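One chain, chain A, appears in both complexes that follow, with chain B as partner in the first and chain C in the second.
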Partner chain A sequence: MFPYPFLRCMNFRMDKKLVQLLPIKLSNNIHGFLRKFLFKVLSFGPMPKHIAFILDGNRRYGKKWNLTEGEGHERGFCNLMTILNYVHEMKFQYVTVYAFSIDNFRRKADEVQLLMRLIKEKMDALVEDTSMADKLGIRIEFIGKLELLDESVREAAKKLMKATEKNDQLVLLVSIAYTSTDEIVHGVERSCMEVRDEDDDDDGMMIKLVDLEKNMYFGGYPDPDILVRTSGETRLSNFLLWQTKGCLLYAPLCFWPEISMRHLVWAVLKYQRRFFYLERIKKQP
Partner chain B sequence: MNVILYDTKGVLKKYMASSELFCNARTTCFDADRRTVTLLLHGDQITIELLSFSDNKEIISKAANFLCSRQLKSNLLASNKIEAVYTDTDLLNALKMAGCGGLQPDLLLVYGPARCHLGFPAWRLRYTEIMYMGPLKSMKHGAIVKAIYDFSNRNKN
Partner chain C sequence: MAMPSSGCLFFSSSPATLLLRPALPHLSLPTRRPPRPRQQISLHRRATRQGNPPGTNPAAASSQSSPATHETLTDELKWEEALPSCLLRESLPRHVAIIMDGNSRWARDKGLPVSAGHEAGYRSLKEIIRLSCLWGIRALTVFAFSSENWFRPKAEVDFLMTLFQGVLKENFDIFVREGIKVRIIGDSAKLPKPLQKLAKEIQDVTVNKTRFELIVAVSYSGRQDIVLACQKIAQKVKDRLLEPDEITESLFAQELETNHSRDFPYPDLLIRTSGELRLSNFLLWQSAYSELYFTKSNWPDFGEADYIEALQSFQRRQRRFGQRIS
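And now, the complex of A and B:
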């Protein structure tokens, strides 16, 4: 029994599975078309080049929906893939995500192990199957004090960076074992080593601001235009403190696994509304 | 109670020191560089610190130079070159020597056209709640009281 009269009229015999899938495929195509149309309309205004996310609320999402431990983070990872799709369609150039802070090492040992295991699983899966990263042209870079990670996680990160190094459409900067204060200290250490190696006798300002910025983890990358922190939290939690002078801060109330296209579109609209003011702030010396 | 007043260009630093509020010698006490003022208002002591963007990256650069020059001097005295390994505490102490190592605010109220921290000193913004209050002309006593009330409720939860 065909549920669709027009198909019956055409006497068209179809596979039952395909008939069941037809509305899903159709709605996906319509949704994709409308989404691309919306992004095209948005692109008539100034578009941000770099967006940063603080992935907050995975555990609270898991508790809200009575999920097992770690499943909240799994769903968060799946949602990250969806958001990357949208960001790619909106033609962003850089995306930064705050995956794991140095302060998170102070959590319970089993929780830290669970997170590290999940991160390594996802890295290994992406190294084995780079089709998604290659399709979107994503180059993945890991930023932070990587020597704090286990050897196996560090190796997996290096393999993933190597596997995606030829992609050039979108750069995904994953901040892992990172805090902004550690980044500043790292910049100071490297700058001091450079001065020591130059062996200059000049007693003036040996370390200039450009030297500090060049030696930081985010040296060479542009400052973010929008920083999104989910769960309605309004703290930066030691993330990108140096780089967010003229950055729009957006804090939607949803948890990270719940963030969707509409939040992204709203963030871009807010950015476009205040574009000239934010650019003026960024350019001030 | 400690209050920080921040603006990007340092206008507050230039003009607040000569404003009528701070000219009463009985209740006002400026520090050496006229950047911090302690007031006595209705029996309560309030310390007001005036900051600008020059207290952010430039001060960290000065602190970095202080640490570097100390490292080079110790390298001169030692026979082998010692690797520069610093911690957050070393940089914090260097910032205090450079004059910007004060307390980290719990709450930052932002007035302006956009929700943006405008280059507030990075070292003091780590875990600060940032609340956007709208344009400067909407600054009212009731809105500030509500912001502090919401902050205290959030911390209780």
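And now, the complex of A and C:
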């Protein structure tokens, strides 16, 4: 059962009708019960462990509903909390979100500042009140070229990582100042530094796939099983290119603030349909 | 091959009458060309295409193919006249990549052996190359054989290697005459020696062609491509030619197997057939900003109508590369 404050952020139509007819707490209870029953049924099949999201369409959502500048992103953040609740109930272990790309720095300065301010506000709020993160057992990690961020944002990110480091039920990997090509180059750079420091007479061929992988930002974390990109665009936009070798790509037509439980359930059903074939692919070198 | 629908179009087999061809119908009606026996260059006899039982050895049949009269890829048409009216030249992708998936499923659905599926896939590829040249797409990358495909049954793998060899041999002159630059990427050391030799020869002969670029990924793995590039850079670092902090994305990209194409290194559109929704280790670095298009048709069924739909889908998209267009 998710907390009442987030009910305002939801676009779930059935709940709006129930809210009009029933008390809020009762509708939350019924909704929670039905949801848990559905997730229990889903869990009879193979469940994915790691899901990744590209949070696309916040601004278009804002334009669609005539919201003020930044309100679309606020709603997107609210919806992220709701989705995290669902993901926690479905017993996922890792969630990755594409919060801010290195390419996004080329946008207009005021938009970049707005987004950075929003991100910092949310980080500070979560540091001050870690109740939600602790209740769900979420450990938050920030992945990317953090040195491109402002000092204040970087410090806030470090504080949040430290505040949630003891949680162990769900790992939230937030990709900020990240592109996959930059990650691969970073992995290459670190691997080359190791090679340079060795005094062997061997040639550079000693770098293997596992060496490169462990030096990447996402080294040590498993590859995602499902990648969801909202707003219907089917492209990766330089996100997890290395890691999505055998990952299911799902592109629902809704914007990020509109994504709901039914999209997640549908993604999991698609994954279960292809599970055995994907497992065979993953086991091959 | 599927029959043409509703009789509203008649495709003549003569090249000159293509100038008189009416505009394509609305895409909700799938259209198929009737087979043109004079142009089909196949490793099997024509009877095999009609679904006869398997057993013909493609290597033995190769001597019977290559008829004298075959259509050149562009004929006397000007490319501008050949473009369907629903496509805009200025927003066509310059480089298209295709994961040719679904040959086995197509064959299984029709009750044919897997080899017939790959044969049909080859015919489909020929048609797509012809259309790409005709419509002004400058580069086409196709995923013919993945590094994971080596785990398939040996008979199928051997058949595929023989098929590739036959295809390269048959179309050698066409590539040279039509100005198609052929490039084979992937781990060629695992390929049979005759195929390696033929691949090298065709690449050397067509290296200066500029009209169209055909890149065939055989025994290719996107991750392995990246690891090999990393090893080359590590060797330079070891030899003190480069410092690790000087490594940039463009420097790294030059070490990839797709570095030979300066004008169109990365695909604008990546098509995957057979309804699977993943990249399967194909052009991982290069498809960073590619538009992905997934279709449920199996590869042998992917024809002109499906290709037009894919290109129309590309034209409708707004490519932002992480920035804003306002």
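The working rule: the second predicted complex is superposed on the first by the 262 of 285 C-alpha atoms of A that agree within 3 Å, B and C clash if a C-alpha of one lies under 4 Å from a C-alpha of the other, contacts with A are read in each partner's own complex, and residues count from 1 in each chain.
Assume contacts are C-beta pairs under 8 Å (C-beta built on N, C-alpha and C of every residue); 3 or more make two chains touch, one makes a residue touch a chain.
Note that the structure is predicted; figures quoted are calculated from it, not measured.
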- Partners on chain A (chain B, chain C) - clash or fit: clash
- Task: Check whether A:184 is in contact with chain B, with chain C, with both or with neither, and answer first, second, both or neither.
- Result: both
- Task: Kindly classify A:141 by the partners it touches after superposition: chain B alone (first), chain C alone (second), both, or neither?
- Result: neither
- What is the contact status of A:111 with respect to chain B (first) and chain C (second): first, second, both, or neither? second
- Task: Could you say whether A:101 touches chain B, chain C, both of them, or neither, answering first, second, both or neither?
- Result: second
- Task: Check whether chain B or chain C contacts more residues of chain A in the superposed model.
- Result: C
- Please indicate which partner A:192 is in contact with in the superposed arrangement: first for chain B, second for chain C, both, or neither. both
- Query: Just one of 6-14, 78-86, 114-122 or 258-266 in chain C runs into chain B once the structures are overlaid; which is it?
  - Reply: 258-266
- Footprint intersection on chain A (chain B / chain C) at 179-182, 184-185, 187-189, 191-193, 195-196, 205, 207-209, 212, 234-238, 241-242, 244-250, 270, 274, 278, 281, 284
- Query: Along chain A, where are the residues that touch chain B in the complex?
  - Reply: 179-182, 184-185, 187-189, 191-193, 195-196, 205-209, 212, 234-238, 241-242, 244-250, 270, 274, 277-278, 281, 284
- Residue ranges of chain B in contact with chain A within the complex: 8-9, 53, 56-58, 60-65, 67-69, 71-72, 75, 81, 83-88, 90-91, 112-119, 122-123, 125-132
- For the complex, which residues does chain A have touching chain C? 101-104, 106-108, 111, 179-182, 184-185, 187-193, 195-196, 203-205, 207-209, 212, 233-238, 241-242, 244-250, 270, 274, 278, 281, 284
- Any idea which chain C residues touch chain A in the complex? 148, 151, 222-224, 226-227, 229-238, 244-245, 247-249, 252, 276-281, 284-285, 287-294, 317, 321-324
